[in-house]
Amino acid sequence: MMRDKCGVFGAVGLSDAARLTYFGLYSLQHRGQESAGIITSDEGKIELHRGMGLVSRVFKDPAILERLSGSIAIGHTRYSTTGASSITNIQPFLITNRQRKLAIAHNGNLTNSRTLRTELEDKGSIFQTTSDTEIVLHLVARSKEEKPLSAICEALKTVTGAYSILFMTEDSVIAARDPQGFRPLCLGKFNGGYVVASETCAFDLVGAEYIRDIEPGEVVKITKDGLESVFPHQKQKHAYCIFEYIYFARPDSKIFEENVDKIRRRLGRQLAIEHPVEADIVIGIPDSANTATLGYSEESGIKFEIGLIRNHYVGRTFIDPDQKIRDLDVRVKFNTVKGVLEGKRVIVVDDSIVRGTTSKKLIKLIREAGATEVHFRASSPPIISPCFYGIDMPTKKELIASSKSVEETCKYLGADTLGYLSVDGMLGMDSLPAESYCVGCFTGKYPVPVEPRNGKLFLE
Amino acid sequence: MMRDKCGVFGAVGLSDAARLTYFGLYSLQHRGQESAGIITSDEGKIELHRGMGLVSRVFKDPAILERLSGSIAIGHTRYSTTGASSITNIQPFLITNRQRKLAIAHNGNLTNSRTLRTELEDKGSIFQTTSDTEIVLHLVARSKEEKPLSAICEALKTVTGAYSILFMTEDSVIAARDPQGFRPLCLGKFNGGYVVASETCAFDLVGAEYIRDIEPGEVVKITKDGLESVFPHQKQKHAYCIFEYIYFARPDSKIFEENVDKIRRRLGRQLAIEHPVEADIVIGIPDSANTATLGYSEESGIKFEIGLIRNHYVGRTFIDPDQKIRDLDVRVKFNTVKGVLEGKRVIVVDDSIVRGTTSKKLIKLIREAGATEVHFRASSPPIISPCFYGIDMPTKKELIASSKSVEETCKYLGADTLGYLSVDGMLGMDSLPAESYCVGCFTGKYPVPVEPRNGKLFLE
Amino acid sequence: MMRDKCGVFGAVGLSDAARLTYFGLYSLQHRGQESAGIITSDEGKIELHRGMGLVSRVFKDPAILERLSGSIAIGHTRYSTTGASSITNIQPFLITNRQRKLAIAHNGNLTNSRTLRTELEDKGSIFQTTSDTEIVLHLVARSKEEKPLSAICEALKTVTGAYSILFMTEDSVIAARDPQGFRPLCLGKFNGGYVVASETCAFDLVGAEYIRDIEPGEVVKITKDGLESVFPHQKQKHAYCIFEYIYFARPDSKIFEENVDKIRRRLGRQLAIEHPVEADIVIGIPDSANTATLGYSEESGIKFEIGLIRNHYVGRTFIDPDQKIRDLDVRVKFNTVKGVLEGKRVIVVDDSIVRGTTSKKLIKLIREAGATEVHFRASSPPIISPCFYGIDMPTKKELIASSKSVEETCKYLGADTLGYLSVDGMLGMDSLPAESYCVGCFTGKYPVPVEPRNGKLFLE
Amino acid sequence: MMRDKCGVFGAVGLSDAARLTYFGLYSLQHRGQESAGIITSDEGKIELHRGMGLVSRVFKDPAILERLSGSIAIGHTRYSTTGASSITNIQPFLITNRQRKLAIAHNGNLTNSRTLRTELEDKGSIFQTTSDTEIVLHLVARSKEEKPLSAICEALKTVTGAYSILFMTEDSVIAARDPQGFRPLCLGKFNGGYVVASETCAFDLVGAEYIRDIEPGEVVKITKDGLESVFPHQKQKHAYCIFEYIYFARPDSKIFEENVDKIRRRLGRQLAIEHPVEADIVIGIPDSANTATLGYSEESGIKFEIGLIRNHYVGRTFIDPDQKIRDLDVRVKFNTVKGVLEGKRVIVVDDSIVRGTTSKKLIKLIREAGATEVHFRASSPPIISPCFYGIDMPTKKELIASSKSVEETCKYLGADTLGYLSVDGMLGMDSLPAESYCVGCFTGKYPVPVEPRNGKLFLE
C-alpha cells in the first residue's frame, strides 16, 4: 500500500475553477511531483484530466484547462513510493454510484486500510488501484445514507489514520480532516467563492484570503451558497505532524495556525542553545534549512553564510522517488562556494538526518572546499522510526538514528561534532501544547495504532 | 454504455505468452483499432500494459514485451463508439479481490447491463469505467463461491446478451461464451500449451492448431495441465452472428466451424442468382467484398475485375470511430481504375449497405471513371435495425434501409439497379440450420430481449 | 549516400495549398513511409513542417495545416535505407541564399553525387545532410544567374542521374525532370491553379485534372499566372523506369502517359503465354500482383482466386526499411485461405522476385494450406543488378537472380515450376518503343553511367 | 539573427566523454534551457543527439548516452529569443567538408554576422539555420588551410564580436575565445584527460580540476596527447562581460580568474556604502541576489532575512523566453514570508533592474505582506542599452533606465527609495583594472563596433 503524501486544492463557486486549481497545485508542487490531476463540475458535467509528472507538464496544453470548465474543481498532486502501476493511481479518482458522480483527492495515510480492504473484498468490492484512497470510495458507496455529506461521514467513521480529503460531488466540494488533524487543510475565500488547500501558500499565489483551518475531525460541505460543517467523530487528542513544520511544508505557508517560517526559526535558535560550538560561519543546506540556519545564526551570533549552491533543475532530495539519482551523486544537486568555506570552521545546519548518506557526502564536499572544521547540526531530533501517517520515509533499518548513537553517527558522517535538537527542545518552542503533536518518528510512540503487517509489508 | 466490439486472445502454458498474444492481437486488429492491452501472469506476478492505438503502436517499445513475462497471458484489442473517457476503458481490466488478482478481456455486449449496474450500485458497488465489462467483475467479486471457475459461472448466470470473455487468474485462463454463441471464440493448441482467440486467423499467424470452438454456454478453465469444462447455463437456441460471416471476420478465418471465405463466396453466388443483370464486368468494394464478388462472377459468368484501389494507409470505413474522416471524402480510401471501368456496364458488389453514404459516393466515382451503367449489389439483406449484441452500427434512423424502400435507396445511391440478398437466400446457403443465426439487424427480431431504455439511449 | 525513393506533390495558385498537398502526399504514401514534410509560401512568408512517419501522423495535429497558410506549397514523402541520421534528411529542405528562400523536394538518385560533393566541398561548401538533394541546392546557390529558373537550369546541367524535383521559391514552384525521364512527374489543373505530382492518383484524390507529363529534360516554372517552360539539356534517349510499371506505382495511376493497370495486365497475359502450366487456380500476391494475376487468368483461362489475405496493418514488404520485421515472419503480412487452396494445383503470380526469401516462405505457407502443386510466376524478368536511379534494392549479392539460375532459384523457393517474364516479352507489350525504358536491373546495362565507388559503398 | 547565450562543455581523452559532458551541461543549465545537445567522436565514428528542453529531458533515455560512445565530446545548452524555427538551430551543429566531420558549439554573439553572411551567400554558401554560428562553419570550410586548427584560425580572423567556441574534429576539441574575452571559457584536467567549460561549476560537478582560462584570443587544440595553443589575432584590449559577475554566472563558479561569489559580495558591500538607509531588515530576490544581499547586510549591519520564497519549479525570470509566463504573474515564482516582513522597514536587494516590471510587482507583494517601508537596491548600475555580445536583453525602449531617471523609476516601482550601484563603484571593486570589462549595457559605449542594422532588426 502506498503512502499518499500529497497536496490537495479545491475551488467552489468560482468561474475558471480549474485554472485556480492549476495554480494552487502549482504552489503545492513541493508536496508531490509524481503526478497531478484536476476534476471539474460544470453544472454536473464532469471533466477530468490526470497525468504523470509536474503540474506544469500535465497541464501543458492550454486546451486542457479550457476543457475543464465549471465553477467547482478539486485537484491533487502526488508523490508515491511505487512505480510500476502508478498510472492507475493518479488522483483525483472518479466513480459513479447510483447515477451520481463522486471524485476524491486525498492526502494522508490510513492505518486500518488492510483490514478495511479485506472486509470490503469479502463483501464483493473490487479494487482497481493499490491506493488506500479507493477504500474510502467503497465505504461511501456502501453507505445507506442518501445525502453525500452523510454518506461520507458514515464512511469516515470506520477509517483510522491520517487524511485530509477533498471530495467533489456535482455541486459541492466536501472537505474532511481526520480527528487527530495529522495533515494540514486550510479554508480560504476568494471573489465570493471558497478555496481549500493543503497549505496557505496556495492561497497566496491565487490571491485568496485565509479564513481558518478545516478543524481536526471536521467535515465541511462547501457549495456556492456557503458552508455546512459537521463533526461526525468523537473528539480525540490532536496529533499535528511536527515534520510538516520541520521540513515538509513551505516556509511561507501558515499551517496548524502558525507560520512555518516562525517555527523553523525557533527550532534553529533552540538548536544553537542546545548545541553551541565555536566556529567562523554557519551555513544551511539549501533551501529547506535556510530558516533554521538563520535562527541558529541569530541565537549564536555566528555569521550566516551561503556556502552551498543548489542546482534547482533537479527535484528535492527527500522527495525524489528514484533511488538511483539520489545515490548517483549529491554533487548533482549541491556545489560548494570555495571562497566562503576555505579556511573556515563551519557549522552546517540541516532540517533532519534520515539515512545520513547525503549528509556524509556534503560534509566531504565542504571539507574538500577547504573548511577546517565541520560541525553538523540537525534542527530536529534523531528519526528512529518510520511515519505511518503519510510522510514517506525509508524503513526503520535504513534510518541511521534507529541503529547508531549520536557518536556513531557523527563518526559515520565524518563531522567534527554532531548535534540533534532534543524532542523537548523541539516541542517547547511552540505556542501549542507539546501533546498536540505527533512525534512518532522521533519517539516510536504513535498516537493512532497501526494494524499489524507481516514483515515484508512493513519493509515495503 | 459502449458496445465492445473487439478481439481477444489468450495463451496458457507457453513461454513468451505475451509475445504470442501480441501477434495474436495483431492478426485480430480488424476487430478493433482504438486500443490494445496485454496482461500476463508469471507464477502469480502480474504485469499489465495497455494503450490507445494499434497493437503495433501500443507495444512499439520492445522493453514492454520483455516486462510482460510469464507463461499465461490474455490480450484485447478494442473498438468503441465513445471517445472522451476512453483511456480508463482500455482492456484487459485488472482487479484485486480477496487478495486474488482477476483480469478480464471481453468481446460482446450485455443486454441487461443497466439493470445489473443499478442493482450493484444499490448494493454499494462503485464503477470506474463506462464499460459493461466492469459489471461482470463486480458479479464475480460478489459471488460467495471460493473457486474462481465457480464464481465466474455464478456471475455469468445473471448476465444476458453477447459475450466471448477471457478471464485470467494467477494460474489459468478461463474462457466463457454466452449460451447463444453470438460471438466466435476458438480453442487451439501450440507447443504443448493452449491458445484461445476470437478468430482462427490468429492461430495461423502464430502457427497454432485449431482444436474446436469454445461452445455456446461453455466455460473452460485452461491451465498448463489441461482443460476443465462446465456448462452452467440452461441450453438455449444458438444465435450466431451472421454479420461476422458477411463482413466482420477475416475471410481466412474459420468461425462457427465454417470457413468465412466459403460462406462469403456462397453469398455472392446466391446474390447472382437472385439479382442477375446484363453487364460487362463485376467489381467488388475492396477488401471485404472481394470474395463475394468472386462468387457473383463465378455464378454469373461475368468477368471479375479490379476497378477500385483501396488506400490501405487508412482504417476500415466501418470501423473508424471518427465521423469526420469518414464523411470528409470516400476518395481518401478509394480510387477508380479508369482503364478498367471506362465504357463498361459495371456490377458493383459490396458486403452490406449501412447508411448508404459511402456507396453513393463510390457510385459517383465509378460513373466519373466512365462506367456507362452501375448495378449495385449487396451480399446481405437490407439492414433495418441496430445490433444489440456487439456489432457497432448507427442508430435505426441512420440505417438507410430502415426508412427507404429498395427503389428509393437505388435512386438515392444513383445506381441503375440495386439488389440485396434475401434473408432466405442468405440463410439457405449454409450447412447449419437457418435458425442457428442471429439475423436481428435484418429482421428486427432479436433472439435475446434487450432491456428497455429511454429514447435517447436507444438512439445512442 | 541514400537513395531518395519518394513521392512529391506541389500546388500553385490554390488557396489552402498545404491541405491539397497533404492529401496529395497521402495518396503517394506508397512511394515512401519514413518521413513527410510540407512547405508553404504565403506571399513570401515561409512555413515548414516535417516529421518522421506516415503523412497522417506527421500532420496529425490540425493546427499544423492551419499554420501552413498560403497558395503555394510543395510536399515530400520519403523512403530511405538509412536510419540513424534520418531526421536531418527529412525533405523538403529549405535554405536561404542572398536573402531568398529556396525549398526543394526530390525524387530520384543522382549518379555523380560523390564527384559533385567533393568538388563543392573543395570550394568550401558545407553539408549538413547525407542526402544527394543537398548538392542540387549548393549548385543553385553557386550559380551566378540572377533568376531562380536560370540558376536552377544551370545547376541541373551539371548533375546526372534520375530526378523529378520540385523547387519552391517565394512565388513559384519550379518542376524539373531529368533528360532521361527516369521517374514520373505529372502536371494537373485544379480550380484555376496548378498541381504537380509523382503520380496521377494524387490528382484523383484531390479532384484535379491531369494535363500532361512534365517532359524528360523539361524545367517548368509554375506561378499563379501560368507556366514558363525551358529545356536546358541536350536531348537524350529516354529511360523510363520500367519498375514503376511493374511494381512501384499505384495501378490506378497514369504515368509515362499510360495506365499502370493496363501495362500490368499485359505483363500478366504475356507471362501466361511464355510460361503456361496446367493448374486449377491462379492466385496473386496481394495487392501489387493482383492486376498481373488477372491478366494471367484471362490469357490462360485458369480460374482467378484469392488465396492469400494481406494484413494491411503493416507496411508493404518491399518498402519497409526495417530488416527485422521483414525477416521476422512473412505470416505477419499474409495468411492463406485454406478453403481455396486445399487440394488444388496453384499458380502463384508475383510482380518480381528480389531476394526470394519472402517467396520461399509464401510457397511454404501455400503448401501447408493443402496445395498439391505450386507454380511460381514473376511478371518481370530476373533482377540481376541493383538500381542506381532511385529504386531501393538490396546489393547485387542479395539479389537471388544475380547468382542463381532459374532452376536453382526454383529449387531454393521450393516451387514445382518457376517462370520469369522475358525482357523481350516485358518490353514488347507496350505502346512505347522498347528502347524508351531503363531495364538496367534486369540486364545490368545502365543508360546513364554511374560514378565509380569503392567496394564498401557499392555494397551499402 | 539570434543571440546565442549558452553554455558549452567539452571532454577529451576521457572514456565516457558523453556522460561527463552530460553532467557538465547539467551544471551549466542556468546558461540556457531551451535546448541541449552532445556530439561524440569514437575514433572518428561520430554520434550526435540534440533536443528541445532541459538537459535532463533531452538525455532522459539512458540508451542515448550509451549510443554516444567515445573519448571525445562537446555539448551545448542554449537559450534563444526565437521560437518557430528553433529545432534546426539546436547545437552542436555538424557538417561534413572534404570528407571530414566538424562540429561546433558556440556561446556568444558575432557583431559582423550580417555582413559575413551576405558575403558568403554571394559566393554561393547556403544557410540552413538562422544562427550566426553557421557562419563560422562556412568560413572554416572555405579556408584553404589543410589543418583544422589553421583553418579555424583563418576563419576566426574574419569574425568580430563575442565567442567562446568549442569545435570537435574526429580526434580533437579545439577551443577558441574572442580577443576581447567577452564570455568565459575555462580549461580543466580530469583523470588524465582534459575538460573545457563555460564556468568552473561544471568542473566541480564532475570532479575535475581547474587549470586556467582559455585566454582571450587563444585557440587551443586539445587531444589526448596534450595542448597546442595559438594566438591568431592581434592583441586587443580585454572586455570581460561584467554582467556575468553581476547575474549570469553561478556564484560557485570561478570565471575571469575570480570567484563570482566574492565579486558579488563586494558589489553588495559597495551598494551599502553608496546607498545606505535606515531599516529593520535586508532581503534579497532569491536566488541570484542572495550573495550581494549578504554583502549589503555585512557592510550596513542590518539584519539579513529571507523574506521571499522562490518556487523552483519554474525557470529563472530573466531566462525564460516565454513572455506570457513572465507577465502572467510574478507570484508564480515568488511568495512573501509574512512573519518576516510584517511591520518591518525592508531593504530589498536585486542584482539588476531590466524592465522594472517584476521589481514593481515584488514591491507590491512585499507591501501587502505588511512591510512599512520598501527600499529597493540594485547591485548594478542602470541598464540603459542592450548587449550585443550575447546576453539576451530586451530592446532599448523596454529597458526602464533608458528613458526614466532614478526618481521616475523609484516612483514607477512604488519603492520608498531606490539606489543603483554606480559604474565606478562597480568597477572599483575588483582586482582587475576597470578597463578590462565590457560595461556597454550600463554606458552605451561598446568595446567592439556593431554593424549597422535597420531599425526593425535593431529592436528585435
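Should a chain be cited, it is by its letter among A, B, C and D, assigned in written order, with residues numbered from 1 in that chain.
The rule we apply is simple: a contact is a pair of C-beta atoms (placed from the backbone, for glycine too) under 8 Å apart; a residue touches a chain by one contact, two chains touch by 3 or more.
In this text, all values refer to a predicted model and were calculated from it rather than measured experimentally.
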Distance between chain centroids, defined by C-alpha means - chain A, chain B (Å): 49
Distance between the centres, which are taken as Cα means, of chain C and chain A, whole angstrom: 61
Interchain centroid distance [CA atoms averaged], chain A/chain D, Å: 36
Of all residues in chain B, the ones touching two or more other chains: none
Chain contact graph, described as a line, ring, star, complete graph or other shape: ring
Which pairs of chains touch, using the document's own definition: A-B, A-D, B-C, C-D
Touching residues on chain D, where the partner in the complex is chain A: 23, 26-27, 29, 33, 54-56, 201, 204-205, 207, 250-252, 254, 259, 261-262, 287, 290-291, 294, 304-306, 309, 311-314, 329, 331-332, 335-340
Parts of chain B lying in touch with chain A, wherever the complex brings them together: 47-48, 85, 93-99, 118, 121-128, 137-138, 141-143
